[in-house]
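Structures given as structure tokens follow.
Look at the two complexes coming up: chain A is in both, with chain B in one and chain C in the other.
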Partner chain A sequence: MAIAKRKFDSLVIGAGGGGLRAALQLSRAEATVAVVSKVFPTRSHTVAAQGGMNAALANVLPDNWHWHMYDTVKGSDYLGDQDAIEYMCRAASHCVIELEHSGVPFSRLDNGKIYQRPFGGQSQNFGGDQAARTCAAADRTGHAILHALYQQNIRAKTHFFDEYFAVDLLKDDEGYVLGALVLDIETGEPLIIEAKTTLLATGGVGQLFRTNTNARINTGDGMAMALRAGIPVQDMEFFQFHPTGIAGKGMLITEGVRGEGGYLINKDGERFMERYAPHARDLASRDIVSRAIAIEVREGRGCGPRGDHVLLKLDHLGADVIHKRLPGIRETAITFVHVDPVDTPIPVFPTAHYTMGGIPTNRFGQVVAPLGQLVEEPVPGLYAAGECACVSVHGANRLGGNSLLDIIVFGRAAGNHIIGYLQENHYHRPLHADSVDRGMQRLARWDQQGDGESVDNLRMELQREMENHCGVFRTAEVLQDGVVKIKAIEQRLQHARIKDHSKIFNTARIEAMELENMVDLALATVISAQARQESRGAHSRVDFPERDDVHWMKHTLFFKEGYKLDYKPVRTKPLSVDSFPPQKRVY
Partner chain B sequence: MQFLIYRYNPDTDSKPYMQQYTLPEIEPGMMLLDALLKIKASLDDSLSFRRSCGEGVCGSDALNINGRNGLACITPLKSLKEPVEIRPLPGLPVIRDLVVDMTQFYQQYRAVKPYLTVHDPEPEIEYEQTPEQRDRLDGLYECILCACCSTACPSFWWNPDKFRGPAALLQAWRFLADSRDQATAERLQDLTGAYSLFRCHTIMNCVDVCPKGLNPTKAIGNIRKLMLKTQL
Partner chain C sequence: MYIENYEPQRDQPGQQKSRLYWQCRRGMLELDSLLQDFFKQQFDALTAQQRASFELLLQSPDDLLLEYLMGRVVPMDAGMSDVVAKIRQSVTV
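After this line comes the complex of A and B, so read on.
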């Protein structure tokens, strides 16, 4: 049976902020661009980002990009690549202004400029007073940005393939990526999209953990596609736990609450962050606040009948500030815990939130891998941007407000680099049939009939094991056990079956393929974590409590084949300024 | 808890039917989406519906719940009378089960040119906007395009190809209300005629069902007032 084919200059997989920003750049440059997304674009998870986007506009307090760079390097626990970080922080202001010109309804200051709020890990003058760097549209900044980008893409006549699921990348023998095999969810029919370049912008894999702030679509599809194409994923052991997810449920309560002046208390009513971060207190970086909460609970100072959470107090901000600056999280707290933060604190606990690791790229968005001689060789035709990529600007711990920045800066950078690539590569290279066959086999596997384990049971078990074995605090023993358990799940997945074999809008089949993706990434995460014998950023080893710059200031690379690990050095040399050498990290 | 759910698979069913499901265990605080996920996971993996964020911000899981449009993820089970009757959003073609074809809805959204349009050269800094000017966008920009409103609107049921519907008109006003936008005349011109705007008969179902508490009827009224003002 012949598979339908479409041809574009450029393919973008994923329609969150990174994908849409890249697509906009390409459409405006009059390249033909196809955006493939398994959900309608404004359902992408960027929509859920709350607090804002960092840029040293200095609208509220003195600021400059170099201070932002320092904070980001320090926040990354010195695992971030300083060339990419310099690039991002320098580009930030321009990127925010572009978004504003595109229609993003940022909140405003009395002088008519964009409102900025303080966020965690921000400082003036290289570690001095708190900065206010996060540009916000109330607490719905991601929604505001995603909708504006989609709207501008409508204007630019970008071609959308809504509700198409990306199955696999298509490659030729020389390693060029030539597009992807995708599945039209509505009809159940496969489609080949040929493109001279392919950008993966598929987001993170927060669904690896039972309690998470993420949408159910965040299953790491692009990262897993890269793994299956022989490309490693980088630094997967660094997974961010957001300090303030709603306890037991996981819905995100923005760091902006603490930026606006809210703070955490334990069962004694003590403002405990003063003990852990005397200077920055509740606005220390996320890894530090999350560990502090976990310790408070472990040592018996948690709140509630089971002592299993702490409280986020914001009633003292007053109803006006909450209605004006934090209306979204107020709604969420009322809906899910029946608490109105105007007068009652919100129960919170660290919750899986953000994948610092991902597909290795350089600061142009090109996917780079150790293909031959070099440790970082561009994979021709393949790009990645946003949470699915690892540039790495977040290193071992991302600062709040830097993820919206990351997707916009590097979505745009990838778009620009692709435009250059298209100028040098005028023609589509011929497609190889066996590359398509592999993707078709992946689809056909779920047509197998008969009895077998259910996909949903395996998914829940995977999430439980990841939470138990790869959480905020880790040890060799627990990680080793985790590796064994996840490998067993990988084996059992071979025998899983779905019952629904119909074609039209078969979501059981999509969920099965999402689980395959998640299992690969769970293995990458737990195996990378087991190997790293130090504590750095979000990766906290009880048995190796110190950071070890001599042995471990390097990036992890995990390959699917043979679960192989490799390492590459951190890029410590910025583009134009002096390097920030590793220092003890104090907030 | 008892559920009656609309089923239709064009591959196998000649016509739609209602299927009964029973969930023995309902935990406190469970939302309707949790129940649907549980039914799909434990009873019937062929039940199809859209879902994503699970917290009322992405707009995927709009359904007709006991006769009223709403988002499954923020509808508490304890607020619902049994058996809970769940149907796809009314007025749109059904693809399968609870999944509707939203093409017409999205076309109407596109038709209002929902993007900021500025004709002047762009400054190197942000366009200035006072907090009061920005306040006018509150209650407008928060729309999540879930389609609860437009598919609850009898005028949209009758003329989904010609009447823009409450969701699209809310966005039309969002840009008319934006102090930065310079396409007022074109936007108003696009909405003249008997259908695009004027098929709204202020039935206000849209306001009643909006899960974000927005008010499309008021936005439509504002567009009409502005039209009148510019014509005088």
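After this line comes the complex of A and C, so read on.
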């Protein structure tokens, strides 16, 4: 069969904020750029980011990038790489202003400057009073960023492949990445996109857990593509649970609610965060608030007939504040739980929210792996940015507002590095037929006819097992049980079949390939979590409640082959300032 | 064997239902949950006119769609506002 083929200088897989920011940098430099996205670009998950983007502009309260850096290192529970964190925090203000110039309508103060709101984990003066660092375009920051970047890309003549599904990376025997095999979802036809560089910007994998805040397209495809290409994924045991998701449904109730003065209560009406974080209370960082809620529920102080959630109270803010500052929240509560927060608190519980782990990169966006002698060698031609990457600025725990910043800063940095690479690498390397064949086999596997397990059921089972065995509370037994269960699902997946073998918009086939991706990432997550015998950031072990810097201040690397684990040191040396040595993390 | 410089044929008659289902995949859980769940439960029972309104609704950008489905904005088009109401009613707690 003849397979269609296209050639570009650069391929970007993913059209969220990370992919679009990189593509824009490249198109403006007059590289030919293909952006592939499984959904129409402005339907990417970045559209969901409501809260905002951090930058130490100091428009509301005193601030500077060094304080932001301190908060990010501390928030990461000292697992973040301090060179990348310094780079990000220093670049933040410039990136916000650049976005504004691209057309993002940031909300304003009366004096005309960009409005900034306080978010959890932000401080002035290295751990002092609450800072106000988050820039927002009302409660649609992600939407505004995504649309502005998309329009700018159209203007810069970026070539979009909308509704194409990336199947696998193409790689030659010397390890160069040559592009990707993709599938035109509308026609069901495969297409080879050859490129001198390929950037993965496919977002996170929130769909691993039953209760989550993520769009259903967040199935970690790029991370799994990297795994299949022999590249490890890093720090997958660190999955952020947002403390306030709508109980039983997952939808996010933004931290901004607590920033504006909303607080949590248990069934006795007690403002329990005062016991867990006396200083920051409801604005303590996400892992601390999530764990506190889970403990309240476990110890019998949960609300509702099943005692399975706590309440987020905001009626004391008054209808005016709720209408003006939190316009989306009220409707979310009314729509999904039929509760009006103007007079009734919202039932909430921790919900899987953000993938701290991902494809290991350096601060230039180059994918790095222990290929030969070194622990971090760039994979030639391959880049990653955004939530699918692990650079690692979030370490064991991401601060709210730092992810939009991450995708913009490192999308841009990757774009810049790629430009340099293209200047040195003028020609496409020859296409590697074996690599194409492997991708085609992956497609053909779902053409098999006959009876088998259903993809839908397996996915639901996977999500339930991950929630039960790799959620907010983890012990050796629970995780061991999880590893066994997920491995069994991996086996059963071999025998799964789809019923629909049509070509046009065959969602069943896409969902099957997404499930394959998720199963690999579930294994990476639960196996990495089982191995890490400490509690750090979002990874909380009941049996190892303390952080253990002597043995565990290191990054995990998980390889698909043989489920192998490896480790590499945290980069504790910043670029220009003194390093922040690990300290006990109190808020 | 490869076909160089491929341009996809976008004018072939797609399978309407599958195409619409793919359009229910959006950037936010809120929209996915409302649209996909509604599609699975009720699409087959919609009249031709309601289907057309649903298709029109899906062409809205995500932020506007969210406004409609959260009940903050009522679409001008009567058919569309009727479908929005149906979607909102289909949510169970």
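What to note about this one:
Operating definition for what follows: the second predicted complex is superposed on the first by the 587 of 587 C-alpha atoms of A that agree within 3 Å, B and C clash if a C-alpha of one lies under 4 Å from a C-alpha of the other, contacts with A are read in each partner's own complex, and residues count from 1 in each chain.
Criterion: a residue touches a chain if its C-beta (ideal position, glycine included) is under 8 Å from a C-beta of that chain, and two chains touch if they have at least 3 such contacts.
This one's a predicted model, so the numbers in the text were calculated from it and none came from an experiment.
In the superposed pair of complexes, A:Gly128 makes contact with neither chain B nor chain C. When the two complexes are overlaid on their common chain A, residue A:Ala2 makes contact with chain C while staying clear of chain B.
In the superposition on chain A, A:Lys499 makes contact with chain B only, not with chain C.
In the superposition on chain A, contact is made by A:Ile217 with both chain B and chain C. When both complexes are overlaid on chain A, the residue A:Met251 reaches chain B and chain C alike.
In the superposition on chain A, A:Lys113 makes contact with chain B only, not with chain C.
Applying the stated touch rule to the two superposed structures, the overlap between the chain B and chain C interfaces on chain A comprises residues 39, 42-45, 47-48, 140, 143, 147, 186, 215-217, 249, 251, 328, 331-332, 335-336, 502, 504-507. The touching residues of chain B, when paired with chain A in their complex, are 9-12, 29, 40-42, 45-46, 48-60, 74, 95-97, 99, 102, 106, 110, 113-116, 118, 122, 124-131, 133-134, 137, 141-142, 144-145, 175, 178, 180. For chain A in complex with chain C, the touching residues are 1-6, 38-39, 42-48, 140, 143, 146-147, 163, 184-187, 189, 191-192, 212-217, 249-252, 327-328, 331-332, 334-338, 431, 502, 504-507. If you check the complex, the residues on chain A that touch chain B are 39-40, 42-45, 47-48, 96-97, 100-103, 105-114, 137, 140, 143-144, 147-148, 151-152, 154-155, 186, 215-217, 249, 251, 328, 331-332, 335-336, 454-457, 498-500, 502-508. Per the touch definition, chain C reaches chain A in the complex via residues 1-6, 8-10, 12, 14-15, 18-19, 21-22, 25-34, 36, 61-63, 66, 69-72, 88, 91, 93.
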